[in-house]
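In the two complexes that follow, chain A is the common piece, with chain B as its partner first and chain C second.
Right after this comes the complex of A and B.
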């Protein structure tokens, strides 16, 4: 019981917008599609909804071919980035609207709308117009309308991106508990934010340049990014990359900086690699190398530092809120046992990953 | 040196209800300030009073001890950047940046030098000859900022949510550019935003506002480490600060029936709460005398960190643990400890 995309392809003016997409979305599970802007996420969603003509490939739901079905015959609900509601209808009627077209009894409609408004915390607002609500409440109305339809497929296209930081944090957690209750729905959620993809997804699909790069559980994708491109998409602040050479005894990161060979890289053949390190694993105050702060910013409860160092640009994350002025020189420690190793060829595949943290 | 001083400044759009409560405030020369709060908190009202777009219903606005309360915007020597770029679409980037200097009758050579310098810093050097019309929104916003920066006589640059219409992907670059510009120009900046990350990234000092009042003023570190009230504690940091009710005992304060060490034993009268940041909590051995028995209610995987929701004697709290820290298996007896905490009496920080 699932939604299957097979061999999907779309070329626009010579550029592949979707390239050989093979994905299966299971019922009762939430799949997050993670990728930067223009990765193909929205185009993929539009293909599922029947809003996008495709050059090739099939869309199947429980074995039934959807490819030629018009949108209105596909049982799909969608929530967009923008808060889209009927401005002339109150909250109750906004949510009831799609149900009225299904010839349901007024009592059934009332029950369903009440239940859904309760779930999204809008019971007290049913007589308000969308314009009388905050952004977060407006998006809850759109979500409630999508949920009330009890459709087969629920598509959520970056639904939180236009909300304030604090509201996003709150709705993210709410969505998680809300969507895990939808046991018969195929749920797909597009996002550019790694934290959102990790936190919400039972499965994460990583997309880049119209291609699917990796499919796996959040932990798997995070701990074993299949390639450098995946590591770039799933890390925010970004993973830093250092081109270096592995020898019998150590890793030469620059001509003058060598770190001892960590056990997890012992089996690599001697030679050149691109090593990756997460921002939260780099440490300040070490003596491995010196860097200069080019930009520092605060995100939530962390401070991100962007540095120029002999190894190239580095991104470093420290816990808490700190002021480090641009231009300041700092010592940096690179813990060798936390390095990822990627091949240098075109594919830039992952060759070795550090040991994963304690099991959850 | 130009300081900006608000002397008993308050504003009521309609009689009786203040959009901005009367208060005294000083903005020092060369520093960056953020006015931070949700819509309706009075931050834009305050900005408009400083710029002269709005005359306060009471109080005086002083620039360098000169009363400018009745001086119109055009004569206050301030530069403004709004949510939407305000530029001359038909002029080139160069002409846009040069315009304020031409108005001040600078000679051509001096204008060219200054525009080159500022354009270089903003990363606009290769676009100087292009018409502004064809540029992206983030580039146009940099021009708006550049027009303030080229002048050497501005008392302050006032910015009102300048990143609102910028594509999320471009925000990072623009944040970097704006911050560089501040560091370079050392001009007084007052920046209005509802986004705590922007405020914490840009400002030397933040004024957190709520219902027309400044509820806390301080450096980013101070707001994070010592929020004066639960509102600031929730608003700053992600997840926000946890607040847990404490009980008064004869010789101690207690949480869920257990005495809590390292805090005052006789706080002033009132409802007392403990405030603790999610990153300042840790799991500890159940035998730890400073530990409190807890149960895990849920775990969120945030990638490099996990957010664990626990209940301590029925009170919920969120902890943030780095990914390499072990989370105890479900059902195991466990305890949490507080590595740093604040006390609140009737919603106010106890110093």
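Right after this comes the complex of A and C.
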């Protein structure tokens, strides 16, 4: 019981928007598709819905080929990142709209609409027009309309991205509890934010440049990013990369900086690699390396630092509020036991990852 | 202080403009109640005091005797021709404009924007260029001097206006709304009918008004393509003008020609200001 995408391909004006996509989405599970803007997430969703014509590939639901089925016969609910509602209908009629298309009885429609409006907390707003609601409420209406349909497939295309920070957090947790109730629905959720993917998804599909790079549980994808590209997508603030050489005794990060060989990299053949380190695992104050602050920003109770070091640019995330003016030199400690090692070839595959557990 | 000056300037400007616009109507109104002697006896404005009001101007519009014409039949003809042509133009215009707004057409180098321009370009050439082709076409179809023939011609003239206004309006409605309707189980045509049309009322009303105004005011084609059986109001009014200009009849007929447009303007203004149409799209 699943939605299967097989060999999906789409080329527009010589640029591959979707390239050889093979994914299976399961019923009752929420799969997040994580990728940066223009990674092809929305295009993939539109292909599933039939709004996007494909060059190659098939879309199958429970073994039935959807590829030639027009959108209106696919019974797929979707929530856009823009708050899309019918401006001429009030909230109740907005949610009832897809149900009326299914020719349900007035009784059933009332029950379903009431129930779902209750769930999203909009019961008091039945008679309002969408334009009389706040952004968060408008998106709830769109969500209510999608849920009321009780369709097999629910697509959520960055539904929270246009909301302000506070509201996004709130709606995200509401969404989580709403979606876990959907036992029989195939749910796909697009997001650019790793945190969102980790919090919501049973499974994460990492996309980049129209290709699926990795599929796995959030923990798996986070702890073992299959390639450098995945590591870049799933880490925010970004992972820093250092090109270095592994010898029998240590890692040469630059000519003059060598760190002792950590146990998890012992099995690597001697040679050149690209090492990666998470922003929250680099530490200030050590004597491993000297770096110059290029940019610093305080966000809540954390400070993000961007440094120029002999090893290349580094990004740090440190607890607490630190005021570090730009241009200042600081010492950095690189904990060798937290280094990821990627190959230097085109694929930039992950070769070794630090032990799990310590990572937050 | 500043606001007081601003307000008085604003209202002053509005008053002057209103007077400028209303003056011809007031002139026509007083003149329509005058007789020959009242018109030639110098500028007079106040009935009973300055001139003796008479209904002869108005009466002449409903008599077909000497010095008068029967305006009832041309009036009905004008209503039928303009109404039908506008209705057809709006219906076809909505469909054409929606297609041009939402679907991509490509016939060689011809693209959507070219098609829109093709529609609009029909209003660029002077109408007189079209008179002879239209005359020959209607003659060939046997529709000269008929209401149906005129409706055809008017649709050809009004459709570009309707398409032009409506394409712009539909372009202003996010495509995602159609897509949402289609996702919600509507066929593309249902999405158009159930979602796009109700959200386009304002645009449709505006386009409809333009069609009615242009159609109602046309003299040229009504004059060149009809003779005796069918006669539209503008032609009938001009026909009043013989060796002696009957100013009183002309004024009266001018006023009743304007009346329907005035009525529509009032209704639409009401409709718009009630917010039924304004702000339908956020």
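Keep this in mind: the second predicted complex is superposed on the first by the 350 of 360 C-alpha atoms of A that agree within 3 Å, B and C clash if a C-alpha of one lies under 4 Å from a C-alpha of the other, contacts with A are read in each partner's own complex, and residues count from 1 in each chain.
To be clear about the criterion, a contact is a pair of C-beta atoms (placed from the backbone, for glycine too) under 8 Å apart; a residue touches a chain by one contact, two chains touch by 3 or more.
If you're wondering where the values come from, they're calculated on a predicted model, not measured in any experiment.
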Please indicate which partner A:218 is in contact with in the superposed arrangement: first for chain B, second for chain C, both, or neither. first
Contacts for A:337 in the overlay, against chain B (first) and chain C (second): which applies, first, second, both or neither? neither
What is the contact status of A:49 with respect to chain B (first) and chain C (second): first, second, both, or neither? second
Chain A residues touched by each partner, larger count belonging to chain B or chain C: B
Once the shared chain is lined up, is A:131 touching chain B (first), chain C (second), both, or neither of them? second
Given the touch rule stated above, what does A:118 touch, chain B (first), chain C (second), both, or neither? neither
So, does A:194 touch the first partner chain B, the second partner chain C, both, or neither? first
After the superposition on A, what does A:166 contact: first (chain B), second (chain C), both or neither? first
Which of the two partners, first being chain B and second being chain C, lies in contact with A:145: first, second, both, or neither? second
Shared contact residues on chain A - chain B and chain C: none
What residues on chain C touch chain A, complex-wise? 174, 176-177, 179-187, 190, 195, 198-199, 279-282
Considering the complex alone, what residue numbers of chain A touch chain C? 49, 51, 70-72, 75-78, 80, 82, 84-88, 97-98, 101-102, 130-131, 145, 149
So in the complex, the part of chain A that touches chain B is made up of which residues? 36-37, 161, 164-166, 169, 173, 176, 192, 194-195, 198-199, 218-219, 222, 234-235, 278-280, 294-301, 306, 317, 319-323, 325-327, 357-360
Going by the contact rule set out above, which residues of chain B touch chain A in the complex? 38, 167-169, 175-176, 179-180, 183, 194-197, 200-201, 219-221, 223-225, 234-240, 277-279, 299-306, 320, 322-327
